[in-house]
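Here the chain labels run A, B, C and D in written order, and each chain numbers its own residues starting at 1.
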Amino acid sequence: MELDLSPYSVRTDLALEAKEIASNRMGDTIPGVHTETSEDDGDMIVTRMDIASEEGARAIGKLPGHYVTIEVPRLREKDSDLQDRVATRLAQEFASFLQRIGIGKDARVLIIGLGNYNVTPDALGPLVVENVMVTRHYFELMPEQVSPGYRPVSAVAPGVLGTTGIETSEIVQGIVEKSRPDLVIAIDALASRALERVNTTIQIADTGIHPGSGVGNKRKGLTKEFLHVPVIAIGVPTVVYASTIVNSTMDMMLNHFKNQTSNTNQIFGMLESMEENERLQLVKEVLDPVGHNLLVTPKDIDQFIEDMANIIASGLNAALHEAIDQDNVGAYTH
Amino acid sequence: MELDLSPYSVRTDLALEAKEIASNRMGDTIPGVHTETSEDDGDMIVTRMDIASEEGARAIGKLPGHYVTIEVPRLREKDSDLQDRVATRLAQEFASFLQRIGIGKDARVLIIGLGNYNVTPDALGPLVVENVMVTRHYFELMPEQVSPGYRPVSAVAPGVLGTTGIETSEIVQGIVEKSRPDLVIAIDALASRALERVNTTIQIADTGIHPGSGVGNKRKGLTKEFLHVPVIAIGVPTVVYASTIVNSTMDMMLNHFKNQTSNTNQIFGMLESMEENERLQLVKEVLDPVGHNLLVTPKDIDQFIEDMANIIASGLNAALHEAIDQDNVGAYTH
Amino acid sequence: MELDLSPYSVRTDLALEAKEIASNRMGDTIPGVHTETSEDDGDMIVTRMDIASEEGARAIGKLPGHYVTIEVPRLREKDSDLQDRVATRLAQEFASFLQRIGIGKDARVLIIGLGNYNVTPDALGPLVVENVMVTRHYFELMPEQVSPGYRPVSAVAPGVLGTTGIETSEIVQGIVEKSRPDLVIAIDALASRALERVNTTIQIADTGIHPGSGVGNKRKGLTKEFLHVPVIAIGVPTVVYASTIVNSTMDMMLNHFKNQTSNTNQIFGMLESMEENERLQLVKEVLDPVGHNLLVTPKDIDQFIEDMANIIASGLNAALHEAIDQDNVGAYTH
Amino acid sequence: MELDLSPYSVRTDLALEAKEIASNRMGDTIPGVHTETSEDDGDMIVTRMDIASEEGARAIGKLPGHYVTIEVPRLREKDSDLQDRVATRLAQEFASFLQRIGIGKDARVLIIGLGNYNVTPDALGPLVVENVMVTRHYFELMPEQVSPGYRPVSAVAPGVLGTTGIETSEIVQGIVEKSRPDLVIAIDALASRALERVNTTIQIADTGIHPGSGVGNKRKGLTKEFLHVPVIAIGVPTVVYASTIVNSTMDMMLNHFKNQTSNTNQIFGMLESMEENERLQLVKEVLDPVGHNLLVTPKDIDQFIEDMANIIASGLNAALHEAIDQDNVGAYTH
């Protein structure tokens, strides 16, 4: 795990990718980890992963729990019909999470939009909060006027440590203690190790938010242990860390030379012998002086992020309120 | 007090104006209320008001406490030299508040920016939070590296009830309990009853934020009783309520007719006999269907608000950190 | 007309209201002005007005041309199904404008979003530009890859005089001369004289934008004469001028007294004799020192504006591109 | 030049870096290129470069002209005193550009803020436009009221091709033809090849904006040839392209192996023989599928960009208006 947390190693917030990395090392079967994949019209690949044992969790470097990943390679093509289908699928998958952890249809929900509104690839959470339907105050102020089929939903974008000076998890803990939701949903922009997953993938997990995950600095997590209510996390990779790009380059180069010189034991040995610490040292040299906080992000990130925020807000509205038709989820955001 | 809280009566968040209204009724001396005014270069009028008794508080309709009002009629002229002088004066006045209530130079401060970032005349608080210097995390994460002359300052814009679904005061209470500041500073956009005070006046008060004051809906206040730490409020009137405009029109018309017909007892009687409730009924008719939530605001409000946010952020930076030169307060915001 | 343009008289940018005012003076039939109203499910009232003669234009104070007004009293209730139906209706009405003035399905369109992005009630135009589908560059850069059923659409938010220093109409003229569209669509936030029409009404007109109309300062208009291409204007009232509120108050008061004293000739005469210039003088006194630039706007304007921008962007997308299904217009904005 | 424009090669918009690259190939002296460096208090390094011949221009890959680069390694440390000194220095350097190309103190200036307001590292230009002092409309509308010491300045953020559908240079050309400035100043976010120059360097050039430079897509430049008025460009590197990171990694690795195996002719040869096209192929593989549009940017880019925009706006205000004291440049922005 230490190596995985090193700022200069390949970093991913997706359980799917963490398992891929572990499988390269350990083979396809990892004890305590069960994966199941289905395809949907050729447009969406949905992977369900259970990390059921501590051993599996250690092997992969992710917390034990249930993860669902929706991959939609064509999602950057701005096909609004596809976007609606993804929101609908998200609503269904999310609803099954609610059922799984026993969240009833009247349970109170607090949506937390993590991230920095002013940094485009980190703005996903605040944008979802801006777009999602908020109803809790109606239940508090005029309960008799609320139509059936809705539940109390509140939503807060707590800001980031660098602009508030307070750990985000402490702000959230304070809000949870005062507003007493039965469930927290945390939305966050993530880092992937694969450029093709950036802005095309949605991960839902019942593990909450790990310390150190996401685009911003989260030194404490948002978990059931910390907040005393269940936490479902929804994340979308919007960046790749620059260190990942550097690592990929090295892999590529090592392979390139290996292929060229496969009959030359001497060189082969030399390449093999490039130790992990030499390698990290090289990555560090490339990325100094600005270090591991460098984000790699597409130039037109603003539109991807807005589209994603709408998909997630639509999906959540439909999953959270019975009165909202799950077949027409797009209609309830602005 | 009931009439003052009626949505269709003249509404002001400025103690200065509340006293003017009371003085019209009761004469200049109001028991338990002391006022002192000074001028500064002909550009600034600074009024200090103490509401020392419950009787005075009831008469004026404001909480007992200490209020300072800085009026700068030329502040809308975009004179940046004047803006700097106002920030400097604000820093001095604010520093004397800190002293008054015994807040030492190392005391921890939490700045709360009330209001809705997305509604221009209500965005003052969030804009101050965006511009003010935040230092608390340095004290938490690397205390040994903080230069002398600074104190821990955090800043949060908690949003508004309509977008979060949670009472703002409850969010703030939660954050206060977790981050444990020694003082809360609450910034808010206010309503004035006089158009000429809009965007030209700053009020500081050690009473906190009253329930129902400010541009947004605040059903619970931010007060020492509620938060268990002292609260200093800084407010700037950015709007006049439409009901105020309507009331002013009525006064004007009644006066107009009185002047024309001063020798006609019959008409005079008729005008006098327009009872408060008839009057409120008229106001209600004019403003229906949208009611008392209508704001009157200048067209170029965006620039006034940004300038004001900078003045307040600069003034606070200088007042809160000894290391910041109070003679050059402008330099420390962005 | 001079009185109508006076800053302190009642001001409206809606032809519908201008005709109501004229009808009060002249009776229901105004020569050269034809009006036709239909209702739609009880939710929408659609009024078609033709101002066919110069005489009619003078009487009403609006340019000769064709105006369609869609009034949706329930539009502020955040019913997303209703919003979709309004977008669909807008698309249909707009399409019939295109046909009327002979704009073919391949004609090139430039959408101009007038107004100030940073002043909430004036941000409608820039928000539509942000949300509308832009395609012109695909036709220019890779015409062979554009699917059938689309046309070249470009969109610019040119800013306002106060922040650019240049007349908006001159900026637009320059862009039109370089990008050579066949049609300009100008989106603008308008002033109404009736609070209930604010954020519930959409006006389409083939007259372009009049000088002096809209929320911002437009000293030159956007018209066919000036731009040499047809201009269709889409406007939504987002404010009422404070002077309108004041005038309504006066009407209300005059009526109030008249009703009370209908048998007293003397008083009746006095009220009648309140001359227009006395009246304007009173309005002026109420609104000084900030004058006729005061906007009256609901406190939660931000959400209405965003919803409206989405409705208009959706409607335009469907009306402009054959490939977009007019029955599902909501799907194509973000 | 072709190689330099290849999307997968190292890309820089800084003349300073282009010269460094050329010097690596050709030695320190490049015909027709003169460079002069001075230091300022140890905080700023100012480099003046003249590209005086076509030969020099070809060697470096930048247009002939005069370039000034201000490097301030400590500029990311949020030292507001340093920021003020940089603004002052920028004002002085810029003023000498005005003199050089014969722009008098009454000449009319149009500031163009290039880039996408909604993508943080590309928002520099629009932010400068938002902060700079605009005066042209006062000269047009009430010339007699303008104080002496000011000149007519206008400012426009024309948007980007992807959101307007129109080449930015064509929009600017249209605005120039209508508003008739004597000088255009174009502000743009740039790409550097060195992470340490990101957000610490300002380049001024009298060559205008090259096609293809800057963070956005600029297929036509903003040059004197195209606009028929002189164009001074101010640019700040806010990103490094991902392809640059990949290339640096390769250099590092090749050096690493060379050092390890310097006595092994065979391997040495192999490394040397890695041809440019093989190399580009590798870069392409690493960065696919998202390609050369990937930006590398620090996580806290939002604050750097705002600070830079203020520095540039302050510097321009002081350089453009005699009435603004060049020793207190900070005071005139908001």
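Note that in this section contacts are C-beta pairs under 8 Å (C-beta built on N, C-alpha and C of every residue); 3 or more make two chains touch, one makes a residue touch a chain.
Which chain is which protein? Per UniProt: A, B, C, D = Germination protease.
No experiment lies behind these values; they were computed from the predicted model shown.
Participant: Given that subunit A and subunit D are copies of one sequence and touch, is their interface built from the same residue numbers on both sides (over half shared) or different ones?
Facilitator: same
Participant: Considering subunit C as a copy of subunit D, what rotation angle in degrees (nearest 5) results from a C-alpha superposition of the former onto the latter?
Facilitator: 180
Participant: Roughly how far is subunit C from subunit D, centre to centre by C-alpha average, rounded to an integer in Å?
Facilitator: Distance between chain centres: 41 Å.
Participant: How big is the gap, in whole Å, between where the Cα atoms of subunit A centre and where those of subunit C centre?
Facilitator: Going by mean C-alpha positions, subunit A sits 43 Å from subunit C.
Participant: Nearest whole angstrom, what separates the Cα centre of subunit B from the Cα centre of subunit C?
Facilitator: Centre separation, subunit B to subunit C: 35 Å.
Participant: Among the residues of subunit D, which ones contact at least 2 other chains?
Facilitator: 118, 162, 303
Participant: Would you pull the subunit B residues touching subunit A in the complex into a rising list?
Facilitator: So the residues of subunit B touching subunit A come out as 129-130, 134-137, 140, 152-159, 161-167, 170-171, 173-179.
Participant: For a test of understanding, state which residues of subunit C touch subunit B in their complex under the given definition.
Facilitator: Within the complex, subunit C contacts subunit B at residues 116, 118-120, 122, 162, 195-196, 198, 215-216, 242, 245-246, 248-250, 252-253, 256-257, 260-261, 264, 266-267, 270, 274, 278, 282-283, 285-290, 293-303.
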